[in-house]
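Labels run A, B, C, D, E and F following the written order; every chain starts at residue 1.
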Amino acid sequence: MKLGLLIMEGPYQHEASDSAYQFAKAALAKGHEILRVFFYQDGVLNATKLMEPQADDRHIQKQWSALATENNVEFIVCVAAAKRRGINDTVVAEGFKIGGLGMLTELAIEADRLVEFRA
Amino acid sequence: MKLGLLIMEGPYQHEASDSAYQFAKAALAKGHEILRVFFYQDGVLNATKLMEPQADDRHIQKQWSALATENNVEFIVCVAAAKRRGINDTVVAEGFKIGGLGMLTELAIEADRLVEFRA
Amino acid sequence: MLHLINKSPFESMALEDCLKYASKGSAIMLYEDGIYAALAGSSLEGRMSGVASDYKVYVLKEDLQLRGIDKLIAGVTEVDYAGFVDLVGEHKTASW
Amino acid sequence: MLHLINKSPFESMALEDCLKYASKGSAIMLYEDGIYAALAGSSLEGRMSGVASDYKVYVLKEDLQLRGIDKLIAGVTEVDYAGFVDLVGEHKTASW
Amino acid sequence: MAKLMVVFRTAPYGAIYSFEGLENVLIMGAYDQDVSVLFIDDGVLAIKKGMDNSGTGIKDFSPTFRALEAYDIEKIFIDRTSMESRGLTLEDLVIQAEVIEADAVEKMMEEQKNFFMF
Amino acid sequence: MAKLMVVFRTAPYGAIYSFEGLENVLIMGAYDQDVSVLFIDDGVLAIKKGMDNSGTGIKDFSPTFRALEAYDIEKIFIDRTSMESRGLTLEDLVIQAEVIEADAVEKMMEEQKNFFMF
C-alpha cells in the first residue's frame, strides 16, 4: 500500500515520534511504499540537527534522517508550524525539507492510508 | 512572597507557557519576587530565538525575554532537557541562560512557593 | 492546599484523581481547559455542584473569556490572574 | 475501521470516546500508554472484557514489553509492529 | 475529487490541535476536493460563540472558523451527544453545522479517502 | 534541611514526565535535603518490574529507579488504591515502597517546603 504518515509530537517528550519511526521501519520491511512523512504541530521539532541526547539514549533525529536517506522517503516539515516553534533552514537536519501545508492535503489525496501519530 | 516557577511545556503547543507568563506578570505587579523561572521538559523550547510566529499572534519568546530583562528575573533552561531537544547556546534568546538541574532543587529549597505549569 | 486543574473534565481524569486525595474544604483552581468543569448545563453539572459545595472552587476569568464561557454552575468563584496569585500566596499548590 | 488508542484508560477518556462511535466488530489497536487497557487484574478488567468481546482488540507487543506488562485480559490479541502495519493495510485508521 | 475530512475532537486553546487543524482545513479548501468537517467530543467547544482573548493575548481563531464558507467548506457536522453533554445548542455556535447522531460518525470516517483528527 | 517531595503520577514512556522527573530526584539526592518520593495514579506503573526496551530502543529507566537507595533517597511511598486498581502488588515493583492510604497524600504534600509533580 501507499502510506502517508503524519507526526504531531516532538521527540522525547512523547512516544508518538518513536512509534511512528518503528511503524515506518516495519512498513518498509514489508515492502510498502511511504509516499511522504509529514511533520506538523510539535512534530516539526523532530527535524532539528541541534539535538544531542545522552550517549546511552536513541538519537531520534539521526534515526529519522537515516530512514529518509536510506529509503529515499520524503520528509516534509510544515513551514507555518516550524516557524512558530523556532525550526528553520539553519537547523533542519539531512533528509528533512521544509514545505507547505498543502503537501499534507496532497498526501491525503494520494495515500491509500494516512496514519496519524499524536499524543 | 518569593516565587519559583517551573515551566514544563513548549510554546504554542500547550497553553502552559502562556499561563505561566500571565501568572508571572500578575505576581510581579503585586510586588512579589520571582526568584527564578526554571524551564524543564518541553519548556526549554520557549528559549529559542528562532521562533517566528505569524504577525498577528503573540511572540512567546520575546514576551518572556522582555519580562526577564525588564524585571531582572533569572531564567534557567535545564541543560539536559535542552540538549535532547535541540536547544543550545547558539539559539538561546536574551534573558535565558542554560543551567544545571540542581538549580531547580535550589529553587525548591529557597522559594516560599513553587508553581508548576504543565500539560 | 490549592489544587490546580488545567485539563478538560470531559477528557481527563485529572480532577477526579485530585479529588481522591483532597480533603473537603481544600481549594481547587480551574484554569486553561480545566474551566470546562464549571460549565453550567453540562452533563457534569450534578457532579460538579457537589464538588463546589465540598471544596472551595475557583475558576480563572481570563480562561473563561478566552473560551466564551459565561454561564457557570452555582458555588464557584471567578478570579483573575491577580486573584490566582493571591490564592497561591495562601496555599501550597499541586499541579495535576 | 481501526481505532488507534495510545492513552492510559486510567487517565484519559480517549478509549471511551472512541467506543461511543465505533460499531461492534470494529478493530481497536492499543499501543503506547493505551496498552494499560489490556492489563489483567485491574479495576477496568470487567469493562474491558466486555469491550474485548464486542470488538476486535489488538495490543502492541513492543509497548507491552517496554512497560513490563505480561498478564493480559482474555480476548485481546498481541501483535508486533509488522502486525500493526497489516492491520492498517486492512482498515482505515482513526487516531484518538 | 477525493473525499477528505477533518475531525475536531479536542478543546480549544489548552492545546494547539484545533487551531492548527483549522489552518489545515483552510489549505484543503484550496484543493477543490470534497471536504467535510466534523466536531465531536471536546471539539464542539472550539466553535463556541463569545470568545474574547483580551485577557491572555492568545490568538482567537473564532473569526477564522466563521470564514470557512468563504473557502467553500460547507459540509460541517456536529455530534449531538457531544454538543448536548457540554450544555451547548446550535445557537451557541459561531458557524452553522448539521447535527448528526453518534452512530453516523464511524460511517462518515469510513466513506473518506482519508481523514485527519485534531 | 528542607522537606522536598517528588510525586510521580503519570504512566511511563507515553510521555517523558516520569523519566525527567527521575533525573530530578537523582539531582535532589546530591543536596542533602529531606527528600521523599511518592507514586500515585498512573505513576505506580513507572516502577513495574520486567521492563524490556529491546523492541523500541526507548531508554529503559528501571535500573535508575533501582539506584535511588544509592543516592540516599529512602523515603519512598506508594498509594494503595492507585496500585491495587492497576492490579499491582508490592512484589511487582522494582523498588521497595511504603504503602499509604489516599487520605495521607494531601497531608504529605502540605508538610513539604515544596514539591514537584511529574
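The criterion applied here is as follows: a contact is a pair of C-beta atoms (placed from the backbone, for glycine too) under 8 Å apart; a residue touches a chain by one contact, two chains touch by 3 or more.
Worth saying up front: this structure is predicted, and the values here are computed from it rather than measured.
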Shared chain contacts [chain A and chain C, defined touch]: B, D, E, F
Centroid comparison with chain F (C-alpha atoms), farthest chain: E
Chain pair with more C-beta contacts, B-C versus D-E: B-C
Proportion of interface numbers common to chain C and chain D (over half same, under half different): same
Reference chain C; chain at largest CA-centroid distance: A
Distance from chain E to chain C - Cα centre to Cα centre, in angstrom: 26
Distance from the mean Cα position of chain D to that of chain C, given in whole angstrom: 32
Approximate Å spacing (C-alpha centroids) for the pair chain B, chain D: 37
Shared interface positions of chain C, touching two or more other chains: 6-7, 10-11, 13, 17, 32-33, 62-63, 80-81, 92, 95
Multi-chain contact residues (two or more partners), chain F: 13-16, 41, 55-56, 58, 114-115, 117
Set of chain A residues in contact with two or more other chains: 12-13, 15, 22, 41, 54, 57, 80, 113-114, 116, 118-119
Which chain pairs touch, all of them: A-B, A-D, A-E, A-F, B-C, B-E, B-F, C-D, C-E, C-F, D-E, D-F
Touching residues on chain F, where the partner in the complex is chain B: 2, 4, 16-17, 20, 23-24, 27-28, 30-31, 33, 113-117
Residue ranges of chain D touching chain E (in the complex, touch as defined): 1, 13, 17, 20-23, 26, 92, 94-96
Chain F - residues contacting chain C, complex: 7, 9, 40-41, 79, 81, 102-103, 105-106, 109-110, 112, 114-115, 117
List of chain B residues in touch with chain C within their complex: 1, 3, 15-16, 19, 22-23, 25-27, 29-30, 32, 113-119
Contact set on chain B toward chain E in their complex: 12-15, 18, 22, 54, 56-58, 119
